[in-house]
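In the two complexes that follow, chain A is the common piece, with chain B as its partner first and chain C second.
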Partner chain A sequence: MSVLETYRAPQSLDEAAGILREGNVTVLAGGTDVMPQSRIGKLKLQPVLMSLRRVPELRGICEEGGTVRLGALVTISELLESALVRERLNVLWQACDHFASDQIRNAATVGGNLCNASPAGDTLVPLLALDARAVLVSKPNGKLQERRVPLAEFFTGPGRTVRTGAELLAAAEVPLPPRESVGGFYKHGTRPGLDISAIAIAFVARREGKALRDVRVAFGAVAPTPIRAPRAEAALEGRAPDEPALEAAASAALGEIRPISDLRASDWYRRELVRNMLKRVIDHACRM
Partner chain B sequence: MPAGCDIAFTLNGVKRELNVPAGMSALEMLRDKLGLTGTKYGCGEGECGACTILVDGRSMNSCLLFAADCDGRELVTIEGVATTPRGERLRDAFVANGAVQCGFCTPGLMVQASSLIERQPCATETEIRRGIEGNLCRCTGYRKIIDAIATAATEKSHE
Partner chain C sequence: MSETLIGKRIPKLDAPDKASGKTRYIHDLEVPGALHAKILRSAQVHARIVSIDTSAAKALAGVHAVITAADVPWQRPIGVAKDHLPLKTDRVRSLRDEVAAVAADSEEIAETALRLIRVQYEPLPVVATPDQALAPGAPLIHPEPHGADSSPHLKSAGAPVAFAGKPDNIAMTFEYAQGDVAKGEAESDFVVEDVFKLHYVTHCCMGISGVIAEFDPNGNLLLYSNTQVPFLHKREFAELLGIDPARIRIIQPPIGGGFGSKLDIYPFEPIVIFLAKITRRPVKMVFTREEEFLASPTRQPVLLKLRSGCRKDGALTFRTVETVHDNGAYTSWGATTPFVMMQTISSLYRVPHCQYLTRAVYTNNPYAGSFRGYGNLQATFAVEAHMDKLAEAVGMDGLAFRLKNAQDPGEVTPQGMHFKSCGFKDCLATAAARSEFLRKQAENRARWKDPNPVKRGVGIASMLHVGGGAKIYPSDGCGTILKIDDFAHVTLMTGASEIGQGSETVLSQLVCEELGLPLSAVTVVNNDTDITPWDVGVHASRTTFIAGNSAIGAAKKAKAKILAAAAAKAGVPENELSLQSGYIVRSGKEKLFELGKFLRGLHFSDRAELVMTTFYYEPPSKHQDKGFKGDVSAAYAWATQVCEIEVDTQTGIVRLLKVTGAHDVGRVLNRLGIEGQIEGGIVMGQGYALTEDLMVEGGVVKNPNFRDYKLVTAPEIPEMDVSFIETLDGEGPQGAKGVGEAPAICIAAAVANAIYNATGTRITALPFTPENVYRALHGAAKAPAWSAAA
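== the complex of A and B ==
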């Protein structure tokens, strides 16, 4: 049973962090996870429901000094409509294009997707591959304080992150990849719309002649959290994406994933998908 | 007893003020508090699109939106869409194409189609299919719905 008593809508980051510090708060962004999860009892609503929608500091996409800041309240639709995201963070753009439905893309936020921390969260996998950082804000002693956590260290389990109850996710920061970067995103579901991934793959690298440099591979829905695959990355680093290199990366990846069987796919099928689709994603991205 | 929240918003062009419980959804507010039953309750978890409304011009599932979060916003429901020229074109096209069977998904589809045509007046069939991904119809198999939306979009582009 919900004990929700009050709804609050702070108008600044300072005010929001203050409310959070008082405790007993459920943080609300787009609501597309909070509402259904609270209805089925998966999420217990706290006495205070704090909507972030009036906090201007959490909005907007901007680039400064080689870092793209995605405000926590940026919706999936806003990411799709951003020329900067489409041109420079294309792997994230591709994931947003496969995200749920138009109605949900219009409400769901990047901050909500990150804090919901689903192993299958659509934006999490490309953001991991882009080396993004979570910007966490709190107000421990009357002053706003920030800390930055690499996404690779942000997720601790299904639905769990390193964010404490007194912290708000303010933004995701993404180092702008060089223009000669290549990238690809693949999500396997049984239908194109509104499907939760059986597996997701994100690949980002820089081309240096034929060789791949700064290779980053991330997977979703094959472990308790979205994961980076450092051994698959190492198998590709400095090599041309030819058949032996792709095969080596796929073999390495199979040693890094820990898929389960659930209603979306068996662990065997998830392994087969990773083995085959990783090669295809990389090959496809490098031919573009 | 929680006091609820006082909210003010625009509904189909009319300013409204209301007191709503903090946990109430926009869908419950529309149907149960305001009697606007054109917006349908289908799945209650954002899968079916029967409860689609426009919020500040963007389509959303009203079952996933807290009523309290409607404060200061502009809501348009099927009752509002139906009286616009685009809504009338869509209604006529749904009828002419036989796109309505049981009718439960129709309000949500018309609101979503209206939003789609506004953003993409020359939407291709693929774009229409993508645009209504969040609306389930268990009767028609979608063919006639897609034809209806294409018809309404074509008429608009001829204006």
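== the complex of A and C ==
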């Protein structure tokens, strides 16, 4: 049994990073993973529970110099309400539109989703496809320090990231895609809301005439971490999204995923879904 | 005439309380001085219990009792076959098995104490399927008599050996036959055979299980219980405790859903009673949601082989059915569902020759109970698939084929059921016409080769279910006490339990209709065995029919008494008087007396007279004979449902778009209530067909939570178009029949037929979850095989 001793609610990033440095801290954002996981014993609560909710630096969505900054505390509902996200990061917006239920969306944060690092985390897949970076903050020797890690290098396994125990995730930074880019997201679950992805697909590219450029494909729930699929991307790069190109991308993707069988789907079915739905996602996105 | 209440839309009387969160469920009840109980369940699916050490748990501060079977040598087996000791003695047979229990000052302390109990097990081979259970040399689930094996305290206490054990893992068998199936088959031009596989689902009541037990100093037991069968359970608890049933009182707090799950008693109830007896304190136990999934009954999984035939003209000739039911480790009502299944097999359509054999087989799985529809979902799933297949073989459309074989009013079936009222053909015609079934069916079929991966399908299925009670006990009756006070306020005391189905409201309505009073004039008392008259419980869609007739009977007697007194007082003939809108009225219009005033007069007069009546209604139905023949219900309900779906052949996702239903309900009493009942039933059937799946592997429930056990959510609920066929049953209260179970029964069958119509693939195994459907569509599914019967 875990024994909670102190509840801390720092009011600045500096204070929060300081508390974290002292150690024995469980970081709490929306709590939609922390609470259920600690109840079933998957997560052991540390003596100090630190809520980030009052840290202003972790809030807000803004764009500066071609980079969109999503504060770690931004909720799924806030992403859905943001015109910037809807218009310029539409693939992320689509993922949020399939995320849990309204109640959970109001509490769940993008930072929590990233740090929880579930292979089925819904914002992880579009953020990977958007070439996002994680901004990590720590206070090793009395001074705040930042480092940036491309998301493709952030996840190391189910529930594991390169973030150290002394670091907070401050934000996700996303290079603003050009206006002519297209994107699509697919989440396979049995119901419209409140379902965990059996597979997820995100696709982003730029149209140059008929051809696709800067193609990025990411998958969720088909490997120990959400993954990019470079060979599928290469199969599409510079080509029109016609049937042979889509077929080539799907075949390439099947060589890149490593799905397992669990309650939600068998590995065989996950492969079938990736093949069928990657083609459909790209096809739909390019028709829009 | 005062305006009739029948057919009106009347909000449920308990709705304001429930909607405003004021209802006090068992969770909300605090009995002063109550201890909190927790149960230690087995850590093994099948094992011998070598030893149990409770010393550390007993030593924990705040713990008042830690009990095992050794502490209650007087316990008796419970359940339908009396094969289940509440606290296990020498072996555990499933993961839900109760090994020890704690009563403590708080739930948290009780939980901590559970973790201090040390149990040593010696694993036994797990029997995970009926196949394995029937294999030669299979391990036996109940090899020895319970209570006389390795438990000396039970042997020496002089306790009778209550359960003799089973040498062959077969818990229960049903055999039924009519006509001569060999002859039927010889006369057939077409014969089809399939094996159907029906899966585990569970009730998922929003109100989880709980009980509070308290003994008074005289040894009388008070139970706050969620049971749907208070009177019969009183007797079971008494037998278990070896006390006089008269010393037990059951109070039912508002119940958060039953659907059949509360038709039996389960180990936690006796265990809490034991703890109350031992600690001499009130003891309360409420399940966690995980426990509700692990330790609640299930709908019974069934493997069913059906062989059916018909002639060239479409007339059915015979049906042969064999089933194997996964009984789980103990026997509850699930084992008896073949009783209902055979009615569908023999009598939904006219079939001259039928043979039916079923076996419920012990395994180490969760055990099956009764669940809305009671086997009928399983039977209808198989029968209606064959109605489609045979129609296609003959070259008739599915509607014409069904109409040709459908029952008519007046029919007495070979099984002995007498359909005094029967709107079946109306149901078929109405549902088919309103949904444009035939046109859509033809259009969808023409699109099989179309390149669009998303296909549309439409499917039809019908059902027959008891609608006038079910005489499974020697009596199927219900009592009423009705009191009208000096302000013309009515107290209706009924034996019928309210479990959310709206019985309170409909009973009040029937009484008010008789007495010419507004609904606000009634209070219903229905939850205390010390007050309410006898009843055999909420099951078999019987409450509106049986308790309704009983309530009407009592109201009629009260009315006669009032009118007689009024006639005497006014000096007019009694037959000119009636009760309308709160008045005693002459010739249908002249107000003679205001009812309240008249009743006050009766109370205060020199020959004071109170209006208090009793009535007991026993339906004119028969207990079946040994061959399962007999007219078991006073009326039968019918329904046809047409389901329209969309199948994505690239994902296997099936979406239910629309359900068009036509229900022979006898008569609509409370329109709002019956709509709610039918819509809720459709959604429950939808869950059974498409999303719900209690995954049991090797005796382990893999998904004991609402994340992974998928109930239908609001956006998935289809459009519904429900028509009521009013056949005005001669025996029904105001002509009504029972409909509680009906709407859930045909959805899975109709969806299966719709998937065939969309894709040309017939799937005979439930549930139609995306991966299962995808596998079937792409030839990657293993069709259910009949191996168990070997």
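In this section, the second predicted complex is superposed on the first by the 288 of 288 C-alpha atoms of A that agree within 3 Å, B and C clash if a C-alpha of one lies under 4 Å from a C-alpha of the other, contacts with A are read in each partner's own complex, and residues count from 1 in each chain.
The rule is simple: a contact is a pair of C-beta atoms (placed from the backbone, for glycine too) under 8 Å apart; a residue touches a chain by one contact, two chains touch by 3 or more.
Just so we're clear, the structure is a prediction, and the values are computed from it rather than from any experiment.
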{"item": "First, second, both or neither for A:251, with chain B first and chain C second", "value": "neither"}
{"item": "Winner by number of chain A residues touched, once chain B and chain C are compared", "value": "B"}
{"item": "Which superposed partner A:145 touches (first chain B, second chain C, both, neither)", "value": "neither"}
{"item": "Which superposed partner A:53 touches (first chain B, second chain C, both, neither)", "value": "first"}
{"item": "Touched partner set for A:106, first chain B, second chain C, both or neither", "value": "first"}
{"item": "Chain B versus chain C as contact partner of A:11, first or second or both or neither", "value": "neither"}
{"item": "Which superposed partner A:67 touches (first chain B, second chain C, both, neither)", "value": "neither"}
{"item": "Partner chain in contact with A:194 - chain B first, chain C second, else both or neither", "value": "both"}
{"item": "Chain B versus chain C as contact partner of A:24, first or second or both or neither", "value": "neither"}
{"item": "Chain B versus chain C as contact partner of A:164, first or second or both or neither", "value": "neither"}
{"item": "Doubly contacted chain A residues - partners chain C and chain B", "value": "192-194"}
{"item": "Touching residues (chain side chain C, partner chain A) in the complex", "value": "453, 650-651, 653, 690-691, 695, 702-703, 707-708, 710, 712-713, 715-716, 769-771, 774-775, 778, 780"}
{"item": "Chain A residues within the chain B interface of the complex", "value": "2, 4-7, 9, 28, 30-32, 35-36, 38-39, 45, 49, 51, 53, 77, 100-104, 106-107, 192-194"}
{"item": "Residue ranges of chain B touching chain A (in the complex, touch as defined)", "value": "2-3, 5, 22-23, 25, 44-47, 49, 52, 55, 58-61, 63-66, 68-69, 71, 112, 115-116, 130-131, 133-135"}
{"item": "Chain A residues touching chain C - in the complex, by the definition given at the top", "value": "188, 190-196, 263-266, 268-269, 272-273, 276-277, 280"}
